[in-house]
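What follows is a set of structures for review.
Shared between the two complexes below is chain A, which has chain B as its partner in the first and chain C in the second.
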Partner chain A sequence: MIAKPPSRAALLGTSAASVVLFLVVWEACCRAGLVDPIFLPPPSAVLAKALQMMGEGTLLGNVLASARRVMMGFLAATAIAIPLGIMLGTSTYARAAFDPILSFLRPLPSMSWIPLSLLWFGITETQKYSIVFMGTFAPALVYVIEATRNIDPLLIRAAQNLGASRWQVMKEVILPGSLAQILSGLKVILGLAWTCVISAELVAAREGLGFLIMNGKEFFQTEVVVLGMVLISITVLLTDFVFRLIENRVLRWQR
Partner chain B sequence: MFVQRRDFIQRCALASLTAALPLGALAAAQGLNYGGSAWLGHYPAYLAMSEGYLKEAGIVQDWQMFGTSSARMSAVMSGGVDIACTGIVSALALMSRGARHFSIIAIPENFGRVEGIVARNGIKSIADLKGKKLGVTFASSAHLLVLDVLDRAGFKPNDVTVLNVPAPELPAAMQSGQIDAAAAWTPQFDSILRQSGVTLLADDTRFSLYESHKVTPGPDVLVVRKAFAQKNPALVKAYLKAYFRASELLRDKPEEAARALSKLTQLPAEDQMASVKGAEWYTLAQQAQILQGPYMEGLQKLADLLVKHKQIDKAPVVKDWIDASFIGA
Partner chain C sequence: MNQTGKTMISIQGISKHYGDFKALEHVDLEIEKGEFVVLLGASGCGKSTLLNLVTGFDRPTGGRIVVNGREVNKVDPHCGMVFQQYALFPWLTVIDNVAFGLKMKGIAKAERLEVAQRYIEMVGLRGFEQKFPSALSGGMRQRVSIARVLANDPDVILLDEPFAALDAMTRQVLQDELLQIYEKSKKTIIFITHSIDEALLLSTRMLIMSARPGRVVMDIHNDLPLPRNAEVQLSPRYNELKSQIWGTVQSEVMRSLQASSH
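Coming up: the complex of A and B.
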């Protein structure tokens, strides 16, 4: 007899129960004195801080400021990385020419760009966008190149034998064939963009989740630090959800 | 060449004995981890080490570098650092959270003219800052100086755009015109002052509590990790003797001290001398009066001021963290 697969509601219930259990254990450890709240605040303190900041009207401002920086940097990076990656993925010569530059850029952490970005863009929002851009551009480019190179060459040759032009091969074979992998890569890059925004908000920021965490750290307000971390996770989950909706819509033909 | 078994054993025994001799000598010396940086508050600890005062006292100091006071205090909290000099703002932030892991055991110095607000061409007074961009490292003593000076000048929070700029970036930001004014401490403060056409608008002597209690916005305090001090009280006492011997060198022979410090700070000789002479170096004999006198009232008022400017949630009772037992008081 084959066991009946668990229902969606049962799976959701299990996930919710594990979250609640985790929070209860965390809270109990703090209240019992097993964990010093200076090192790790209880969830109730984090929630109280969140409510206080919501009351003061500063919480949403911080989330929106970071979200704007992430989206601007991420969109700029993908707008360049997608066409460039497809071109590099399909042209051996172009790839040979660009590979050394990409190999140089790829290992650089976003934080290493802070001194130069300050000189180039000054203490402006553009400087913060540029940090997110530089931290996400090279990884996004690598994902797109790999997605493009993974297209079955037989499909390309078949299209060419049937008389398809270069543009038609690109539009009808390469782009649809690599889109799924590009989109799943971009989901990872979007998460990476949120780590870059922490570096971006180290300098000349007055708001944002990165600023919130760094300022909280300076004053040992660990509940503010944890709140900032939780908000980053929630925002990434939300953007991931939106991304999945877009993915389902764009790749409807694949299902 | 053949080596006989007996020869081999004899040589091994001799080598072991030779190696064990210095180890034995080292075992007599007691070690501690010090949290430092190139900031002037650490000069006595560095000189005590470089001039051999600590060695004479049988103490081996492991010098750990930290970029900020908060990072240094985090290391104290986690047990990685035993003794550290720190800006009081970080210590007060922890004290306001009820952290009992450390005690304040001494006040190294008082600096009033090595930190301040400097403005570019055309800005001649604090009043002229209205509508301008001012760069300062948030959560620093210079930040508190800015908040205090602007508050006393009658500015509202958004009258001046106060930007969070890390201390090392401030000179370049001023030079390139990205900010109209900067609040910094030495060595960036000296570097900005050397730029052409700049005006010093205020230094720490303009801070409200300096006028009443001779307390600067971020005075340095020497802290010890409580668990370490309880286990090694004699070591902490001996450490302080060597430490304040170095303070006397700074006060009585600044040229000699400045020469030794250049290895730590990499400052040009002239700036190094100005930095040494820019502070009043306290002696061990002065500590009892400082730790139990009006200066402490000033630190308490500083905690209250941090609450007023919303830097910390509540003011700790500073005297509860003072431990004058190691200075013989």
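Coming up: the complex of A and C.
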């Protein structure tokens, strides 16, 4: 006898039950005094703090500050990485010229740019954008180059045969043809952008989710620290969801 | 029947070598406007190499090719290519695929869609304009590919084993359609195949190629009456031509088998 595959509702129910169980055990441990609330506050305290901050209007402001920094840095990086990557992916000479620089930039973690960026821009918004940019540009470029190399060369031939110029081949064939792979790469990069902005805010910022966490720690408000972490998670999940919607829209032809 | 006596393609002393391998050696060929030329030969005889030189995808080692008075020195949209693997753009709908060449020429959207629509109807794909290639069968994809080349209005249409990946029934339907398109459009066509039947059914002229080195060993005028359909295969003249070609092809195949076993 073959077991029936579980229904979607049953699987969703299992997931929901798991979350509830996790929160209940956490709450119970705190209430029973097994954990000092200074080290780990109960979920109810985190929720209470969230509601209080929402009432004061400070919660959304911090989320938006971080989200704006992520978007600015990420969009700037992709706006340059996509055309440059397509160029490098199609021209062997440009590739040879750019490869050493890229190999040097790639291993540098975004954190290592923080001292220089502070020196150049001070504790400003530009400094946050630059950290996100430096942390995401090189990997985004690598993804784009890789994606353009997987294009079927026959499609490029067909386009040339139909009269496409070099520029038209890039715009009408290589870009749309590698878009699926570029987007799936950018999804990973977007996660990376969040890591960059949080590290930048942990070091020096006046608002944002990283600042919220660091500030909470300074004042021994552990529930603020945990709240900041939860908010980072939720925001990343949300942006990922939005990204998926865009991806489905753009890649209609794949279904 | 469409010939006008005007030379469309002039292949002059063309050679193509890959190191020591002579894919083509001193090929001379004149193709008139309106001819339907089938290049026939076993794999590896340089048929595709020759086509790639005519389109400009490859450069010859020696010699020159002139198409409609212009020497080929780059990829030339005047020679439209239909590929065996269709080579449709999977992210474009049928109509946008067909209109691609016109878009490259900078023709306004309304006009190019109108032209594309006409050719989509010519290949019998009305109602499929907004489908993506992934939703089509192999035969339909090859129809799109033919419409795409026709819409670009080239001087010459080149087809590299276009029906080889299709099942026998679909192939026969598409052969008939291609003949009708040929008779209507009066285009000059070069068609590659290794099927003698396909060559006899479609061509007005057959060129049989041999390998090592690649060259043309036989040039036959196909005098079977046009318009043709599958019934022509029952006529005595058909069988006469077929056995004549088979004699040459067979000895060439035997020769190349012996050469490769040494």
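A few comments on the model shown:
One rule holds for everything that comes next: the second predicted complex is superposed on the first by the 232 of 255 C-alpha atoms of A that agree within 3 Å, B and C clash if a C-alpha of one lies under 4 Å from a C-alpha of the other, contacts with A are read in each partner's own complex, and residues count from 1 in each chain.
As a convention for this text, a residue touches a chain if its C-beta (ideal position, glycine included) is under 8 Å from a C-beta of that chain, and two chains touch if they have at least 3 such contacts.
Bear in mind that the values here come from a model prediction, so they are computed numbers and not experimental data.
In the superposed model, A:Ala28 makes contact with neither chain B nor chain C. Shared-chain residue A:Ala205: touches chain B; no touch with chain C. Look at A:Gly177: by the touch rule set out above, it reaches chain C but stays clear of chain B.
Contacts of A:Ile101 after superposition on the shared chain: neither chain B nor chain C is touched.
Look at A:Ala159: by the touch rule set out above, it reaches chain C but stays clear of chain B.
Once the two complexes are overlaid on the shared chain, A:Leu238 sits clear of chain B and of chain C alike.
Shared interface residues of chain A, touching chain B in one complex and chain C in the other, do not exist. Those residues of chain B that touch chain A in the complex are listed here as 68, 70, 73-74, 77, 90, 93-94, 97-99, 133, 135, 138-139, 162-166, 169, 172-173, 176, 178-179, 311-313.
Within the complex formed with chain A, the chain C residues making contact are 55, 57, 75, 77, 79-81, 83, 85, 87-93, 100-101, 103-105, 132, 134, 148-149, 152.
Every residue of chain A that touches chain C in the complex is listed here, in rising order: 152, 154-155, 157-165, 168, 172-173, 176-177, 179, 252-254. Those residues of chain A whose C-beta lies close enough to touch chain B in the complex are 37-39, 115, 118-119, 122-123, 202-206, 211, 215, 217-221.
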